[in-house]
Amino acid sequence: MSQPVASAIPAPTAAPVYQEINYLNADRGVASWLKTLDHKRIGVMYFASVLMTFLLGGIFAMIVRFELTTPEPTFIGANTYNRMFTLHGMVMVFLFMIPAIPGVFGNFCLPLMLGAKDVAFPRLNLMSLYVYWIGSAIVLTGVITGGADSGWTFYAPYSTSTPMTLFPVLLGVFVLGFSSILTGLNFIVTVHTLRAPGITWMKMPLFVWAIYATSIIQVLATPVIGLTTLLVGIEKVGGFGFFDPGRGGDPVLMQHLFWFYSHPAVYIMVLPAMGVMSEIVAAFARKNIFGYKMIAYSSLGIAFVGFFAWGHHMFVSGQSSFDGGGFAVISMLVGVFTAIKVFNWVGTLYRGAILVTAPFIYLCGFLFFIVFGGMTGIALATISPDVHWHDTYFVVAHFHFIMVGAVIMAFLAAIHYWFPKMFGKTYNEGWAMVAAAFIVLGFNATFIPQFLAGNAGMPRRYYMYPERFTGLNVASTMGSTLLAFGFVMILIYLIFALLRGRIAGENPWHSKGYEWRTSSPPIKENFAETLEYPEEPHTYREPGEEPEHVII
Amino acid sequence: MSSSDASAHGGGHGDAHGGNPHLAHHFDSMATQNHASRLGMWLFLGTEVLLFAGLFLGYSVYRHFYHEAFRAASHHLSLTLGTINTVVLITSSFTVAMAYYSVKKGNSKAAAGLLTFTILCAVAFLCIKGVEYNEKFQEGALPGKWFHFHEMQGYPGANMFYTVYFLTTGLHAFHVIVGMAVLIWVLRRTIRGDFDKNYYIPVELGGLYWHLVDLVWIFLFPLLYLI
Amino acid sequence: MNDIMRSILWLPEQASTFAKKVDQLHYFIFTVTMASSLLVGLAAVVFFFKYRERRARQSTPIVEPSVRFELTVIAIPLIFFLAWFVQGFRDFVWYTTPPRNTMDVYVMGKKWMWKFAYPDGPNAIGTLHVPSDRPVRLLLTSRDVIHSFYVPDFRVKMDALPGRYTELWFEATKPGRYQILCAEYCGTWHSQMWGEVVVMPPAEFDDWMTQQKAGLLSDRVDTGGDDGPGFHGTLVEYGKRVAMAQGCLKCHSLTGEPHIGPTWLDLYRRRETLETGETIIADEGYLTDSMIDPRAKIVKGYKPVMPTYRGRLTAPDAAALVEFIKSLRSQNLENVPSKEAVYEPARR
């Protein structure tokens, strides 16, 4: 069977074309969406789902911040507050952060970036979406029927002895773990077996490398949190005493099991974000990525070394100082991998042709936040200062710098970058830049005061606090309203763009990423013809000309 | 482009790929597709290993704290029943491997017989486990707050042994049940004649899963019964 | 300099010897982070202007790093990170190694208060009196869930675990009052589980302690033990009561005679050889472990007949017994030649 082969260099563009029959309308009816095997539709359904869970987690966050505007009880009671921060953490981590970038953009872009027609196991892909919905529904049932108050970390023996019903939330988290495992498994096999001829490992887009590394973590680490939720649940319901010192159990063992997953989990959250950033910086500086191999290998490095660093959450848990030292030095190594990436991303700008757009602004924000979030992580890993900072707002600020500052900047950048590909329409760049400014400024205003509050000694999970922390808390709450405003703005203009946006055409950014070499929106089968891949992605040169090679 | 709905098995457009109805539309050949299936199953087995690893960690930690209790408690377990169970599982692994070998040679009838035998072994395993559990309920050798086994009262941490015992063997038994369900499904398809010399990958994958279930027991048995 | 940095960073008072150490390292990390971020940021801004797109769909060169560049870029952060690790780890080991001459206080966290007990002094809820310029060691445990004892002004923190003792030591440098906060979520009033450390100049502290013990002060702080019928007395006296009530003295003598179990006289910090051949020091950890799991480490020459007291001794009971054992010191002063090198002063 012969098919026409497209040349690697696209023809000069005429007016942008909207692909009339595409994956969105190829099959009609709700049933066709619910039974789809198309990775793109699954990605879109994940997108709608995570937007809703992000909204829910955000509402919990705003309730927490409003309560904290005064050192006394402000408008909710202590038990309600404790549930609010617990649910904010659980919903954000398990229902949003873990599935977001892999579920939405991993699903949508991975096959396109590999020249494939779908992921390796399309039915497992659909199943992972269903399991995500079921797990989320169980967690939401838990939220409605009283909710959990143990903190998202649900340490024993508090979690096993609290009168609040933790069980539905734990069960929900357990079920969600399967969704994560199935997604990761699918992506690993896709990368190994479905690369188009011409796309070797060293020519894969860096987003694929990032998703691959993430998937390894998902597959290996998630079972351990499954076990932990199972054990805590059984103990709560059955009185087994696995972690109960009164029956000979060890509560610190629970911490080890919990963090063995939860530390690599943060890399599940941040690696895809880094992958997105590699794509964005190359596309908007119109340049090959500086140090492709190092970025690819450092992703694997983070995934591997990240498995051995979990004890840095437990420096003052009573574990030995020898263990503490081991975990600390390993955490430093992970920091080095991140530093390499930052230098390489900035290096990509050198001799580039930078186009300032909303994704690029998010890239700038991302770089700022990952440097400070990362460095405060290194500072925490230096153990002796962590004695003061552990379980204070310093840690809260650190992880929000990475999770909101870095990951959500990347998520927003990804949305704006790939929106034209996914939906065939463009959004209003002016509004996007205004919203980006609100987000970046609002974010700083929210979380920088929290670093200072942590330095000053304000512990986490505090419903009431000593008066001297009031100013910082008020500042943080004000910042959070700016941040929330930015998110609402984005939602509005994106919906507008979906309904009434201008036609984007196949490649409005003129990006040389592989996923742009098909119509916008893509047809159901992804590619109308078999493509050749003679060059690395993001090689920007004049047609017919040999590119200039520079070595630094 | 033709539409493709979710079909019951591997399914796809037979015509577009010239013949093999099992070849999915996004794979270029059965060889790649089978390789992908195997890789996927091995990754899944990896997740199961990690799941049990946490429990083995718990076992080592508590054995370290309460080595007297653990040593004494293992003598109270029925070595006979445990050994029989081990033999039963190892045999079942052998028969499932033989079933795979048969179906690969095109002998579905033999495969069906061997698969049936494997499933019966699983049932036997569960029955024997049931007998052991029943003994424990009678003796009061139970986890956590249910523990009232007089013979082990003098040992601090004795209840912990039974907590670990029930958690590990319980989770393992659950996996035996899941494995049985998988094998029953494979058996159905074998009887229906779905498999032949060219297509037998579900038997292979089901067998792999069963081997894992067996392997976990091979580690559990010495740790709980022998030392 | 120290004060400028401290106020920029919103750090509280430095009221302990550890605080000063840790703040130095903090400033070092902070300064290097700020400086390097500024440099990287500046580079990005320069590139941003110099290399902006001049025409649509402009092409660009392919720029690759050399191996030397990559290694440099890896080495620089790595060297800083490792340097910080080394200093941080040394400080941490210092923090987790109490000196020999500490004044010990038993601390028990429970929802939602801190209880303090001095070995030969009063008990208190919520307020911990300590002398300045003397090392103090806290032996922490919890009655229910995990709590964490945190004094921001001292920069010290340690989790208080149920069923176990953890330790934290500090040396306060400035008399004053410093807040204690719970730093591990423990339920409804976690955010109200506060306390206060009252640091007094050494002489004043000694006076206070004497008066407390004599019961002369009208505001004698005494909680009377934990939840039980009020016991007014020192931990040592309480420990003796527990020892008699629980039957310990049936097997352990107080006179130096080995009986069914080793004698308690001079037991504390005695070097004992176990039946496995290993040598241990009978410190607080060993003594408490022996009450809970007596068959784990049997002293050579004794039979493993001691029953376990798990569930029969509360945490305060165990602490009291340990203090009682510690108080049993004989007047054995022997004149033995030193086994180690002896310092001979130089003769003039």
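Going by the order they are written in, the chains are A, B and C; count residues from 1 in each one.
Here is the rule we go by: a contact is a pair of C-beta atoms (placed from the backbone, for glycine too) under 8 Å apart; a residue touches a chain by one contact, two chains touch by 3 or more.
From a predicted model like this one, the values you see are computed outputs, not experimental measurements.
Peer 1: Given the two chain pairs B-C and A-C, which is bridged by the higher number of C-beta pairs in contact?
Peer 2: A-C
Peer 1: What is the chain whose Cα centre is as far as it gets from that of subunit B?
Peer 2: Following the centroid criterion, the farthest chain would be C.
Peer 1: Taking each chain's centre as the mean of its CA atoms, how far is subunit A from subunit C in angstrom?
Peer 2: The answer is 38 Å.
Peer 1: State, to the nearest whole Å, the distance from the C-alpha centre of subunit B to the C-alpha centre of subunit C.
Peer 2: 47
Peer 1: Can you list every residue of subunit A that touches 2 or more other chains, as numbers and ranges?
Peer 2: 248
Peer 1: Please list all residues of subunit C that touch 2 or more other chains.
Peer 2: Those would be 310.
Peer 1: Return the residues of subunit B touching two or more other chains; collapse runs of consecutive numbers into ranges.
Peer 2: 65-66, 156-157
Peer 1: Using the touch rule from the top, collect the residues of subunit C that touch subunit B in their complex.
Peer 2: Per the touch definition, subunit C meets subunit B at residues 292-293, 295-296, 307-308, 310.
Peer 1: Can you check the complex and tell me which residues of subunit A touch subunit C?
Peer 2: Contacts found on subunit A: 78-79, 82, 149-151, 155, 157-158, 161-162, 245-246, 248, 251-252, 285-288, 290-291, 294, 315-318, 321, 324-325, 328-329, 332, 335-336, 339-340, 342-344, 346-356, 364, 367-368, 371-372, 375, 378-379, 381-385, 387-388, 390-392, 452-453, 455-457, 459-466, 472, 510, 539-542, 545, 547-552.
Peer 1: So in the complex, the part of subunit B that touches subunit C is made up of which residues?
Peer 2: Listed in rising order, the residues of subunit B that touch subunit C are 65-68, 154-157.
Peer 1: Which part of subunit A faces subunit B closely enough to touch in the complex?
Peer 2: 1, 26-27, 32, 35-37, 111, 116-124, 126, 181, 185-186, 188-189, 192-194, 219-224, 226-228, 231, 234-235, 238-242, 244, 247-250, 253, 256-257, 260, 523-525
Peer 1: Per the contact definition, I'd like the list of subunit B residues that touch subunit A in the complex.
Peer 2: Interface residues on the subunit B side: 1, 3-6, 18, 24-27, 32-33, 35-36, 39-40, 43-44, 46-48, 50-51, 53-55, 57-58, 61-62, 65-66, 143-146, 156-157, 159-160, 163-164, 166-167.
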